[in-house]
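Next come two complexes, and both contain subunit A; in the first it sits with subunit B, in the second with subunit C.
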Partner chain A sequence: MSVSQGNMTAGSSERLQLGDLGPRYFRLGVITAIVGVGLAILLGIFTLDSIDRFFRAYVFAFSTILAICLGGLFFTILQHLTRAGWSVTVRRIAEALAWNLTWIWILFVPILAAVWMSHIYHWMHPEGDMLLEHKAGYFFFPLHYDSQVPIFWLVRAVIFFAVWAMLARFFVNNSAAQDKSGDPAITSKMQWWAPLSMFAFAFTLSFASFDWIMSLEAHWFSTIFPVYFFAASACGFFATTIVVIYLLQRAGRIENEVTLEHYQDLGKLLFAFGVVFWAYIAFSQFMLLWYANIPETTGWYITRMSGGWAWVSLLLLVGHFGLPFLALLTKHTKRAKPILASIAGWLLVMHAVDMYWLVMPTMPESTLYEASTLAAFRAEATNEMLGFTPHLLDIALLVGLVGLLAAGTVQRLTKCSLIPERDPRLHEALAFENM
Partner chain B sequence: MSTIVVDNTFDDPLRRAPLVLNHDRFDTVTEEVCRVNEEPHPPLAWYITFGISIFLFGILGVMVLYLLVTGVGVWGNNAPVMWGFPIVNFVFWVGIGHAGTLISAILFLFRQKWRTAINRFAEAMTIFAVMCAGLFPAIHVGRIWVIWWVFPIPNQMAMWPQFRSPLLWDVFAVSAYFTVSLLFWYMGMIPDLATLRDRAKTKLKAISYGIFALGWRGSNRHWHRYERAYLLLAALATPLVLSVHSVVSFDFAVSQLPGWHTTIFPPYFVAGAIFGGFAMVVTLAIPARQLWGLKNFITMRHLENMNKIILVTGSMVGFAYMMELFIAWYSGAMYEWFAFRNRMFGQHAWAYWIMIFCNMVAPQLFWSKKCRTNILIMFFVVMCVNVGMWFERFVIVLSLEMDFLPSSWGYYSPTWVDMLTLLGSFGMFLTLFLLFIRFLPVIAMAEVKAIMPQADPHHGHHDDDDDHHHDVEKAEVKS
Partner chain C sequence: MTTLPTTAPQSTTAKSDPIPDRYLYGVMAEFTTPAQIMKAAEKVRDAGYRWWDCHTPFPVHGLDKAMGIKPTILPILAFLGGLTGVVLGLLLEVFTNATGFEFWLVVPIRGYEFLVSGKPFHSYPAFIPVIFELTILMAASAVFFGMLIFNKLPTFYHPVFKSQRFSRVTDDRFFLVIESRDPKFSRQKTRALLEELDPVSMEELES
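This part shows the complex of A and B:
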């Protein structure tokens, strides 16, 4: 196919549109969401004795899909920041995932409910706890914690969602507008804003991860935590993108535009960021806290190395790092579409397990501090105390939110072409070769 | 060779900027690069800087000798700061040694073609910086004649190093990094060494370059293997770029000391090392391209790109400073908070504020393209970074001054031996670097040629008129 300077030849447009698949997938997503969330609510009502358990599962499901969307935003900004040419034909998937950030604030409402209606955010009740009283300002400023209104925390959440929505709108709308006008000035404009956007992204992602996930264990702290969440979001994003592209190609879309070279490159990025960088950050955090072994911080890992969590930790070590590391080393697996898509699918599951491992465990602090040895603690601490109570509800909620994510993404993909048809660097993406 | 100043810093989505200026042919590239080594005499500035460098190198030798015959008491290291200048200098130099392998390995994997003009001398810089770094722990052990004890060699004393100590991991991490960087640097140089061998006018030169060129003939099979090996080494070197400084950060972070024990240390140290390393590359590139007329290869765009990386990594470092500070407060750990208050307002507060200004504030100038492409301003900024990154390590190490027990607090001050040893290490670094420029191919000729539009097999055979070879002519000509 002869393509020059971003002018696609006519006639191929059907393969570049989602077309009739759009409404079908959208319906499927919405139905999945309704069934998943509905089932979760029913399960919650009939099987749970505390609403805390439901909200924790919700934070887990929310974090899982939020990470994927943030990864999409990161990738989109990064491509403009680095003036990338190779990635033009896969950028729409990232844009569509990032687009979900324009409405995902709605899904934050249950977390607001969780703050007031449950005890999972323990910092809401600092009275009598010296540490929590000390850090109450981070949540309640300028009010006193007696007010029970965490103003500062709320304002930050508003800022995060506003920034994400603005960034997503800016990059997605401009990219779509270029499909019509073909104006290279649009690319220049996005490139101009990319560095500042990246700053805003780094800042908001970091504090969002502190505010919503790290603060679940209100006493605990780790300076690397935002980087860990970022690595997780990169993993979720690259895995999702590979799976989505594979499904689109199976449905006869963008078959010539996304080549084996793109698969290999996305596979490399999944390997580099989703597997190795993730493991590097996870190891850095674990090793430093384990080695120093001071009571302020080790409890978080002791919890995750006790009871059922020990097996989840092991699963992550093998499933999120060991196996995919070996599987993605060679170029042959990265260039075999079904194999790469399967590895990506597996890593997507692992991403969810990772978020589960991050959000669900509860540190039984009094048991921890009273236990004289690690063995004594492990004998004492039941899975219930550790928060290891896997429930069908977790899966139902996750499936529900993933359904919503899929619906939102498909909805966006139906709005414009599946690739930026008139991006000035399109020809580079169509022609580049790895070897 | 014409030396029209071409502005290739434009940012046009419709075309990629030319990376090699004023060259249409490969042979002129060879000529211009080889001239650096083949001129009968280097520029006067080379003699002057070499004289100063070797003098400083001599001072280093004297200081090390004085240290060895007297003992580490000649340094300022004393309770409570048992780690003074030596560890600061070690971390500083290892950090400098990060840019080279990042440029040659990571930027290679990211297909950043502009790296080819700067990778050779950045790698050389890496090797020399790591040599300077290795010196400090070695002389710090006091009895340097038993330095081999740091290696796990079976011996009749049944004595082993402490495997649980990150200091030992450092030995492995740094020596692995040094070995791979050296291999990478040398292997990449083989085709260019062969060029120098083939052009040599004297027997001695032909034989010397010939030995190191390993019989390179530039055959298809040679190139095939060369490129395979290059890719593999790049893939192997990439994790090393991250692991070295991560392990260096473990030296501090595995402890329980406030100001040292924080989980952000590994990625923060790596970002800082890349930051400092790139600053040193720019510091050396600015005079080098001027003196040896290499502006057609190390163009303004190259400098601008490096300045952008300095801005990014500098901001990451600044972000890490703020994150540490925030968590020091958020954690409610009073010792941590005390350590940070002490850094900001304590007895060495001036060092902290120098660090903040040089590493966090000064690089922000690079948001402006005018500053990124102005030689004087960029030289000011990179000199700030060079100073700032040294002070960063100084500030970190001085967390030792005031620990948990007020009765053991102290004030660290370096001695004149500390000062002259640090100065002398710059002498060693620059001496090696100047010798490298004089005798080895300073720019990777073969790789630079490969990124010229003329190297593209489709060059000149396009159906459309939009050929790349007009790029140079079309570029806007600056006065």
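This part shows the complex of A and C:
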């Protein structure tokens, strides 16, 4: 009897560890990263005539994975902020994704290179452009733009990465420490810091999205832009979490700890944040700019509604909102693991398309302001001018960075149990029921 | 601090003459724990009763299943309500912005082409907020009023309120009531069934 019990506990603790899957997936992630990024660089060298195109693709791939990691940080902080019990067994996935924020600053180096080596951040060259000259302080303060050193922008970037790394370290390390000590005071400590952390998170995410993504079109501005990026990051995060949990359970891990109830709730959050909230914010931004119809703000949307981008916009409308909305409306799809995981996988693809749609289009400003009508603009603007030049390189780079993200996440998951084993609210999550 | 009486006052019906069959609403059994009422509900469900209900101080997880209650159709109603909202909103906006057709409601009613900041008369992006709000309104109304109707609310009188013991349903007691209109109901057999479930008290309710 005692022998079989011993086996049972050994078996159950194995199911709570990645075990031999860890090194295997880590290797797979690293190989994917090397192959993806290597292929992208080779394609860049041999097929591109301008380095700008490569850097733009890089900003796209970087924002896609950054959004997912930030979503993980958001979810982790939110659970402590609301003192949630139901989510304890799925929190480790969010923590592992957030952990990537401790090293993701390395991936920012190519963006620094892009600032000096390419023209994609055209606020670097404001000479003669009255609007950009006025905005230069946001990037170059306290220097003059002639210096070509955007100090204020750089300092902000350092602050963002420092804050994210600190928050991720604080919440992940404390949660891991609780596995060993079982001390409920650790939970209290994290809860005490959660509100301030949430403020810091909101502030840094907002300005990071201004600085790195919105500034790609330096003339254009939208105050709701960070909320849009936040909605996208929540979508990417919840979709990733559902897929990761599904894969872990397929591999025989955390089968009893994460129940259908958790799937249903993650499905609800994916539906609420990733589908409805995303569409709500996307439309809020579009509606105001479209209605006001002011030349310097509508160009951003005209670009995205012309040429090949019109089809991408339509794809997002249907694929990121319409179909997932109908698919996730009923609880039956949210409670069927393979179906929910497929929808989450689809939304993950849509998240990448969304980032592509956000980053890649270029506004052909002179053509835009010279054209007398919308039809005249559309007749004149080619897909090259609009930045609609899909290339294998984009996918290779994205796959490469996703490989890195996977490797980093797996690396973190091997270091501790797949669920916070001694969290004081673990029993709430295990007994959690929706109905 | 006031102290609760350890035993609730005896119901008046228990002492007085038995309730005639035609005024009998049902039989009520009182339990002290969620586990007890759960087990009782399963037994009553398996005995094949249809007109009966459980009353608890708080939602007991799994009681729906133990009682064999079918899933509610309220979500479908919400979806249909939302769909009605979409169609209504769209029709409203298309009609009020069109001059092509009119109908009579005491006076002829026709849309008016109102030019707003140079937009086309039928600007679907501008229609979306109204459609959205109507969708929410209709879906929420369908759920709210559907819930009231399905639950036969508002109900101003219910026979269980005659029982003094029943007042503890908002505190710490769990009640199971089998109604006399149930086709399987028989005064003796139903009482015997409830007796088996080991309730702390049992009472007949006057309708």
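Here is the rule we use: the second predicted complex is superposed on the first by the 424 of 435 C-alpha atoms of A that agree within 3 Å, B and C clash if a C-alpha of one lies under 4 Å from a C-alpha of the other, contacts with A are read in each partner's own complex, and residues count from 1 in each chain.
Methods note: a contact is a pair of C-beta atoms (placed from the backbone, for glycine too) under 8 Å apart; a residue touches a chain by one contact, two chains touch by 3 or more.
What you see is a predicted model; the values in this text were computed from it and never measured.
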Fit-or-clash call for subunit B and subunit C when the two complexes are aligned on subunit A: clash
Which of subunit B and subunit C A:Ala177 touches, first, second, both or neither: neither
Partner chain(s) touched by A:Glu433 [first = subunit B, second = subunit C, both, neither]: second
Touching partner for A:Ala379 - first (subunit B), second (subunit C), both, neither: neither
Contacts of A:Tyr291 with subunit B and subunit C, given as first, second, both or neither: both
First, second, both or neither for A:Ser188, with subunit B first and subunit C second: first
Winner by number of subunit A residues touched, once subunit B and subunit C are compared: B
Partner chain in contact with A:Leu131 - subunit B first, subunit C second, else both or neither: first
Which of subunit B and subunit C A:Thr330 touches, first, second, both or neither: second
First, second, both or neither for A:Leu247, with subunit B first and subunit C second: neither
Overlap of subunit C and subunit B interfaces on subunit A (superposed complexes): 287, 291
Contact footprint of subunit C on subunit A as seen in their complex: 283, 286-287, 290-291, 293, 329-331, 433, 435
Contact set on subunit B toward subunit A in their complex: 11-14, 109, 111, 239, 242, 246, 250, 253-256, 261-267, 315, 319-320, 323-324, 327, 329-333, 367, 463-464, 466
Touching residues (chain side subunit C, partner subunit A) in the complex: 61-62, 64, 75, 79, 117-119, 125-126, 128-129
Subunit A residues within the subunit B interface of the complex: 2, 4-5, 83, 86, 130-131, 134-135, 138, 184, 187-188, 191, 195, 199, 202, 206, 210, 221-227, 268, 276, 280-281, 284-285, 287-289, 291-292, 294, 296, 424-425
